[in-house]
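Take a look at these structures.
Below are two complexes that have subunit A in common, paired first with subunit B and then with subunit C.
The block that comes next holds the complex of A and B.
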């Protein structure tokens, strides 16, 4: 959805510039250059994980650019057989994208909601796939599990919204800490039962260890509830957080493609291919998996073209993934250092 | 059993270590956000609100225009992750509509709407985090965003929440305190000393009301200083940026060094 309306002449001016040799873009970037991306994690104190990302923000006054807040919240959910709740064994993810009306001031309420729904569908389908599911969202097997809510809030859209959403989602999920839980179980006071049982059954000569068929208490040897042992500890990170995918949007003006389109370029070039790649750490980053793929806009693509574009997209995704990982590790260090310093100063 | 949190302990400290009349830390960011004509991010402690102002501009719906003044349209959005417990509030939520209509009625007499007949001023409020004093933060943020957008106003509108714990008044309440003590939000116009808004949803003894009302008014004046200095800072930064191109004069007030 483009945020600007362009005339035919403007559109052809932009596409002509892109097709030129060497290609020309309004801001002087190369076709495969990104604008400046800035990222910060841990911006929402009340969330389990959060991030704020902006693409193409003006460095002088922090204005302009695509800006997204993402935050995760964990909720305890009970798994029931009766299908009354949606809780599932091993936890589940719920992803939601919402747009501030300030980001799309020209859209009506109804169009905005449709657009939110479109974006939510793309993110939810990609990120909540079982191949990416973190395996530490379970609390008590068969009883309780974590429901991970990921909320993304678009504050402003200056192009390339899909890449930005996936970057923000990856950063927030990376930052998420699952509270440590300890299972609590109820044990019937055994010595007491056997003691009294032995007294009563001494004449009858029956096995005292055998319990009454009506007593359900001793069957509950598995955990029934849980507690949070470390109140002050933030918990552990999501398992397999390396796997969360990154998205690259290839904007297509056959025979060329370009990355990180501005709103004007998006309006001029409506055809796009979204590629979401995941880089599992085990397979030495050369063997990424294509988690999702989607074409937007009208027009056709041949299979041969798509094959080429996937190859190219994989290269760009790897660059983006590497850069993002460096930044995320950097943020981890920054925040742990900050926390340590604060702790040290508090103790002094 | 978990012990109950003391609202105000014997030493005169509150649950977050503040004194009775101490306000939380206020940070104000007036940088441009997206395409908005004016915007402000304001935090009172852990409560954070982003306000974007568009306009005065042509109304999206012609039926919304008023022939002799501008229409102020307020839209409040609460981020799902903003509160302690995740909750997705839909647009039609009563609580949100109430905040929006309170903001609208607070600012309608303050903004000089008569200067822009048949136009619309859109105020989009996004609540990013909430820990008490939501309405006060929304009001202060809207004031700053309107000023930042260059919309003429009669005065600042500065709001503070006050509460009364048994007989001792408290200012700038957190969620924890709001849940426990009766509280009132007061918005004042510091230059004239007029009151733009008083709202209270809980019961408060009438004898206590005057004291807290007076205190909140004074606190509003303190906030006004903070807000004014933020606006001045932003404006002088803009003037500096413009001045450095046009004239060669040092804008920071230093005398040029005489090397002769």
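The block that comes next holds the complex of A and C.
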């Protein structure tokens, strides 16, 4: 969905520039250069995890660029056998993309909804696949689990929306903290069952803390409910958060391809290949895996070309993944430092 | 809402009702999970393809691969209405599921998944149609899924049916588009997986191509597959597509020799 309309002459001017040797792009970038990406996590206080990303924002006036907010919110969901209830053992993910009408002023409401739906479909299919499912979303086995909502809001679109969405999603999921829970079960106190002394006790309003029927020990056989232990820290991170994929969009002008297209370039180049790669943690010996691949737009490709593009895409994705990981760890450190300073100043 | 027209004098059914849960009937996974039943890993389900079943449409096709049954009608090219001038034609694909097409009833008018499939079919087909020859016009393609056995199978079969119907309608295309799906199960590649096979697979891929030109029009992959296996699966799909192409060509030739126009 291009955000700009271009004449034929403009389109051919852009593609001719790209095909030149050396290639020419309007902003002077190399074919495989990204624009400046800025990322911040923990921007929404009420969310369990959040991030804000902008690609290609103007450094001087902070204007322009693709801008996306992403936030996760956890909800408790009951699991039941009924097929109508969507709760599932081990929790589930629900992902939604919404576009601000301000980002697409020329689209009608109906086309905007279709576009949102298309973006939602691609993110949901990729991120909620069982191979990426975090295994700490369960609360009480067979009864309750967490439903993880990931909502992405596109505030403005200056090209390369798929890459930006996946970066934002990865950052928000990385940042997500699942609250710690403790199972609770109720047992009838033995003293209440027999003996007149116990009856007297129940008639009177006595503090029964010592013989409370509640048990919150870790290994419960018949957990009926759960409680949140009263801790300051927000919980534990999602399991396997290294695995969340990154997306690279290869814009294709055979024989060349380029990354991070601007809206003008997107309008001029109809063919795109989306590759979502997941990189397992460096310690394990597993290979990187493709989590999704989509072709977009018109035009044709041969199988040999796709084979090459997958290899090249993997290289670009690894670069992007490494850069993003460094930034995310940086953000973690920055935010812990901030918290420590706040506590230190409060103590003084 | 329920109380307002609640009739105490009748026997009222329960508030909720659920689809029955069937016991698994000697499932293939119990004996040997990586051994396919009934067919080899690279076999596709037999295809029945019949062009021209819907007489009022400009072109139509009906495809049946075991439990996947899809009817497709093509109307047009006809004048685009209420749209500003466009230099090239517009291909409009709409997919509808019959309420009885899946294991659970699909409520009509809820088209979240329908649009996803329509997008996939559109992507597979649009590169083959010579839309630049049809300014100011629209080609409407209506796909009705009568019975579905796995989304992957539906997308692949629907793409074949749409391409056949376009050829039947006499619309200029570069070549017939055929597509084939594959799934990765236990490290092996199974072509044309059924719904049950997809549910226990690690990942799936749908490849649409024009065998006459040797080009790929669409690749649609999901799940978790190592890049090497993706390439391997695409090659297997493409070689199987050549066989499917023969079936489509034969169906069209058989139909046109019976119905000379």
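What we mean here is this: the second predicted complex is superposed on the first by the 309 of 348 C-alpha atoms of A that agree within 3 Å, B and C clash if a C-alpha of one lies under 4 Å from a C-alpha of the other, contacts with A are read in each partner's own complex, and residues count from 1 in each chain.
In this text, contacts are C-beta pairs under 8 Å (C-beta built on N, C-alpha and C of every residue); 3 or more make two chains touch, one makes a residue touch a chain.
Please read all numbers here as calculations on a predicted model, not as lab measurements.
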| item | value |
| --- | --- |
| Superposition on subunit A - do subunit B and subunit C clash or fit | fit |
| Partner chain in contact with A:50 - subunit B first, subunit C second, else both or neither | first |
| Contacts of A:96 with subunit B and subunit C, given as first, second, both or neither | first |
| First (subunit B), second (subunit C), both or neither touched by A:307 | second |
| Touched partner set for A:118, first subunit B, second subunit C, both or neither | second |
| First, second, both or neither for A:291, with subunit B first and subunit C second | second |
| Touching partner for A:278 - first (subunit B), second (subunit C), both, neither | second |
| Gap in Å between nearest CA atoms once subunit C and subunit B share a frame through chain A | 13 |
| Subunit C contact footprint on subunit A (complex, rising order) | 81-84, 114, 117-118, 121, 125-126, 129, 131-132, 273, 278, 287-296, 298-303, 306-307, 310-311, 314 |
| Subunit A partner contacts - residues on subunit C that touch it in the complex | 16, 18-19, 104, 112, 115-116, 119, 123, 126-127, 202-203, 205, 209-210, 213-227, 230-231, 234-235, 238 |
| Footprint of subunit A on subunit B - complex, ascending | 31-36, 39, 46, 50, 52, 54, 60, 75, 77, 79-86, 88, 91, 122, 124, 126, 128-129, 131, 241 |
| Footprint of subunit B on subunit A - complex, ascending | 3, 44-47, 50, 58, 60-65, 67, 69, 71-73, 75, 96, 98, 100-103, 105, 108-109, 149, 151, 153, 155-158 |
